[in-house]
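Have a look at this one.
For reference, chains read A, B and C in written order, and residue numbers begin at 1 within each chain.
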Amino acid sequence: MLGVASLTNKALRTWLHGLPGVDQVGIEARAAALATRSIKTTSKSWAIDTAIGMIDLTTLEGADTPGKVRSLCAKAQLPDPSDLGTPQVAAVCVYGDMVGIAKEALGSSGIHVAAVATAFPSGRASLAVKLADTKDAVKAGADEIDMVIDRGAFLSGDYRLVFDQIAAVKEVCARPGDAPDAHLKVILETGELATYDNVRRASWLAMLAGADFIKTSTGKVQPAATMPVTLLMLEAVRDWRELTGEMVGVKPAGGIRTSKDALRYLVMVSEIAGDDWLSPDWFRFGASSLLTDLLLQRQKLRTGAYSGADYVTID
Amino acid sequence: MTPRFEYAPAPESRSVVDIASSYGLFIGGEFVDPADGKSFKTINPATEEKLADVSEANAADVDKAVRAARRAYDRTWSRLSGAERGKYLFRIARIMAERAREFAVLETLDNGKPIKESRDVDVPTAAAHFFYHAGWADKLDYAGLGPNPRSLGVVGQVIPWNFPLLMLAWKIAPALATGNTVVLKPAETTPLTALLFADVCRQADLPPGVVNIVTGAGATGQALIEHPDIDKIAFTGSTGVGKSIARTIAGTRKRLSLELGGKAANIVFDDAPVDQAVEGIVNGIFFNQGHVCCAGSRLLVQESVADDVIHRLQRRLQTLRVGDPLDKNTDVGAINSAAQLARITELVKAGEAEGAQRWSPECTLPERGYWFAPTVFTGVSQSHRIAQEEIFGPVLSVLTFRTPDEAVAKANNTPYGLSAGIWTDKGSRILAIADRLRAGVVWANTFNRFDPTSPFGGYKESGYGREGGRQGLAAYLDTEGTH
Amino acid sequence: MARLEVRKTYKLYIGGKFPRSESGRSYEVVSTGRSPKFLANAAQGSRKDIRDAVVAARGAVKGWSGATAYNRGQVLYRVGEILEGRREQFIAEVSASEGLTKPQATKIVDAAIDRWVWYAGWPDKLPQVLGNLNPVAGPYFDISAPEPTGVVGILAPQASSLLGLVSVIAPAIVSGNTVVVITSEDRPLPAISLGEVLATSDVPGGVVNIVTGRTAELAPWLASHADVNAIDLAGATELPWGELEAAAADTVKRVVRPAGDGADAVEPDWLEAPDLSRMTAFLETKTVWHPKGL
């Protein structure tokens, strides 16, 4: 891919810095323009269900308990008890020690369990600790691993270290035999990368190292997901497929709270990456409160009347 | 296969605007019938339905309007303090903002441009233009144009159909701020927002005769230009007509400013921020259906990245939505008139005949109305007509270059000199290229940006004089001493 | 017996050289006054001389407009120094050409030298006085600055053979334009002497090109030349200047009309202090936008 005999930091740097620049004003204007698209009512209903099906329903609190995780899993399977036709979410996202609880609670629902790993959210630990963290979650049955990159290494220019860590984590996501490997989502923490140029480079670095998904944020740093950052990452996976033929998923996480926002993201997915990405296999929302608003809007579409908070469960 | 998104037909409601069945001429603060009772119809180019009958002013009507403007100049407007003039303009700016939705819908109906453009660009920028110039009215001594700036008198203004209300604002706001009175002729295919502006003047209590609006075609404009009591002509339109106006007033003491045609080069270097460059190319040529004098109609792309840029451009164009201009999702609206459509069609045929490769994204055009699919020509040479003549439509000609010198040479190789674009991540290259481009507006890593504070106007056959900014005031002021 | 004067041959000044008219023609120039005296045979320029002069002027645009403003100021000031050194010669020529007494001619020549020096100080001020940042409503750096128009054709004033001439040439070239000047028809000699001053200063060849001859014959060629960007009709006082303006319209030239009211054209009082209009008439405003982003 890089056209070099051995992978050095210098080679990576040359390659990543050879990517086209990103003009902040231009990309923000493009995202804002896409946000003005207006969606047809029938499409809206489809889009709301699609968005629900793309949610990684998330709880990442120090105060998480088995009870909290179980009730989240209940909601994941039955988001709206008043309408059993409501789709399930894509995954439940928890800390590694809760994977077993979640797996058990979700049973054969088909809903994935995603575990954050690699010393989430800061990533400030040795590789050995990160790998142990990941192995632990994989062993507990996690379907997906949401790892964080070492932003310190990235910002100090040590791209090779970031690459190697992603590749190493990817290796331990593998399961022996026929058991499916855990999918690797790589969190760039774009709020700490600060510039769009860095986000583009980090996206490509993660894809080069084997990411199945690239994810914006931990949700613990502001700003988290934004439309322009997600747009940029959608461009990256689009261009990656043109180069390699492989598809990589995108997951904006944090800060997406309303149905209106979610639909704008879907518009962006469609117009930037293409409709192939309009599937939970290739696009996810990392969110907790978003589901509530999607359900309210879904009820509004179904009944024709605006719904209220008391008509949506709070798990 | 996942179902593709369907965007709403999300039409803006027509009901926000009342269109009269017929309109008189706005002279001396009231609507009057034309002397010979003649009228013509204005249509919605997206549907070909008639919107209204509009009066056709003849030389007698124009004379009446000029007299009204002269009377208003002598008796009221030139005697008002700058501060009072400014307050009228502030009022106008506010009223335009209050009635923005009405203006946007009417502009889209009469012109065919997408509602998102009339709503987000034309109308707010027009209101901003009045607001900006309102503040100048009592500060002209500080404009740095000379020690004793004086108004000229009665100004005749002729504007085009591509940005009807915005061009009206570009003309009327500075003219009034500097103490002149106005007779304005809107384009014959797009008179309605100017006639709605007359109602804004009424609501603002603008003294009668300060703004007069005479509708009509070329003959009406000619009568205005030839009128002996006009002190200054301001024209935006084609270079051909601009030259004819300059000849007409030659040997008189009438002042003249001209905003004419263009054939802008949009230069994309190999280190450009490519995704934003593609947006800039799209915005440069497909904004307002390419009915833009400063449109980036010649894409000059560095040969080493040409394939990639064209590929990205074509992919992007497949997401452009062509159709009902009132639909909020529409990106490209209707061609303004049958005549313009014929001209675009003719030049596109010439492009094919000359051997350039024509490409358009798949798109279904409405059956009625005037439509042209976004079109890209590759393999274009400087000697092709589509690289030389202003098409004024959604048609892009792609040329390549090898070195910065060649890019500059090709960019400047035209009698026009209105605008140009540069896309590169290298700052020093931007500055060097911008220096060498013979164009009045250079957009670097952006395109088609407009602002009341930013002077706009051309070099060479793209005209003279500037609109907007401090420099734009000079076109409406006498600041000269003895020599 | 008085010494026999060695006379000077007056030729054209084109591209830094002093050619005769390609037409081979010349015409007699006499002094102004009650008893006109023969002064010299001036070259009677032709349309082809105009053509050559425009080629020379166009060729000089890049270097002259590309020179730093500081450098243009230095070069123009140097012209002032050399004018001062030739002061006596110019007093004699202006006196003879315009029929003035020596004190009158001295006043004119001094004013002309001082005017040149006034303009010599302008090159590095114009962009500051005429340009500015534009506070646009968005994240853009937006700047407007003046640039020279290109090649300027000038019909020099007919009466004021030196002060008027300086007052039309200097404002055009300070900003980087190059000029083709058709001199006063009857009083062309100070113009050619000015050419000699320019040739011996550091002004690059082609920046100023001077053609003597019949204004009515030459002016239409200059006004209609497609490679001329602007024209100053100051000297069209005896011509139907509207026709020249109409010819200029064919390529959208910038036109400075002669002074006066209506169709009447007169020469202004060149002794009056100038305004900026002759400089701004031959300037274009270029506006450059760039986004501001990280």
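We take it that contacts are C-beta pairs under 8 Å (C-beta built on N, C-alpha and C of every residue); 3 or more make two chains touch, one makes a residue touch a chain.
What you see is a predicted model, and the numbers here were worked out from it, not measured in a lab.
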{"item": "Chain nearest the overall Cα centroid", "value": "B"}
{"item": "Best-connected chain pair, where connection means C-beta pairs in contact", "value": "B-C"}
{"item": "Per Cα centroids, the chain farthest from chain C", "value": "A"}
{"item": "Gap in Å, rounded to a whole number, between the CA centres of chain C and chain B", "value": "36"}
{"item": "Chain A and chain C, separation of their C-alpha mean positions in angstrom", "value": "70"}
{"item": "Whole-Å gap between the CA centroids of chain A and chain B", "value": "45"}
{"item": "Residues of chain C whose C-beta touches two or more other chains", "value": "138, 140, 291"}
{"item": "Touching two or more other chains - residue numbers and ranges from chain A", "value": "23, 25-26"}
{"item": "Where chain B touches two or more other chains at once, by residue number", "value": "445-446"}
{"item": "Residues on chain A engaged by chain C in the complex (per definition of touch)", "value": "23-26, 194-196"}
{"item": "Sites on chain C touched by chain A in the complex", "value": "138-140, 291-294"}
{"item": "Chain B - residues contacting chain A, complex", "value": "1-10, 116, 120, 271-276, 279-280, 319, 328-329, 425, 445-446"}
{"item": "Touching residues (chain side chain A, partner chain B) in the complex", "value": "20-23, 25-27, 29-30, 36-43, 46-47, 235, 266-267, 270-271, 275-276, 278-279"}
{"item": "Chain C-touching residues of chain B, taken from the complex the two chains share", "value": "128, 144, 146, 239, 242-244, 246-247, 250-253, 258, 260, 415, 430, 434, 439-446, 449, 451, 453-457, 459-464, 466, 469-471, 474, 479-483"}
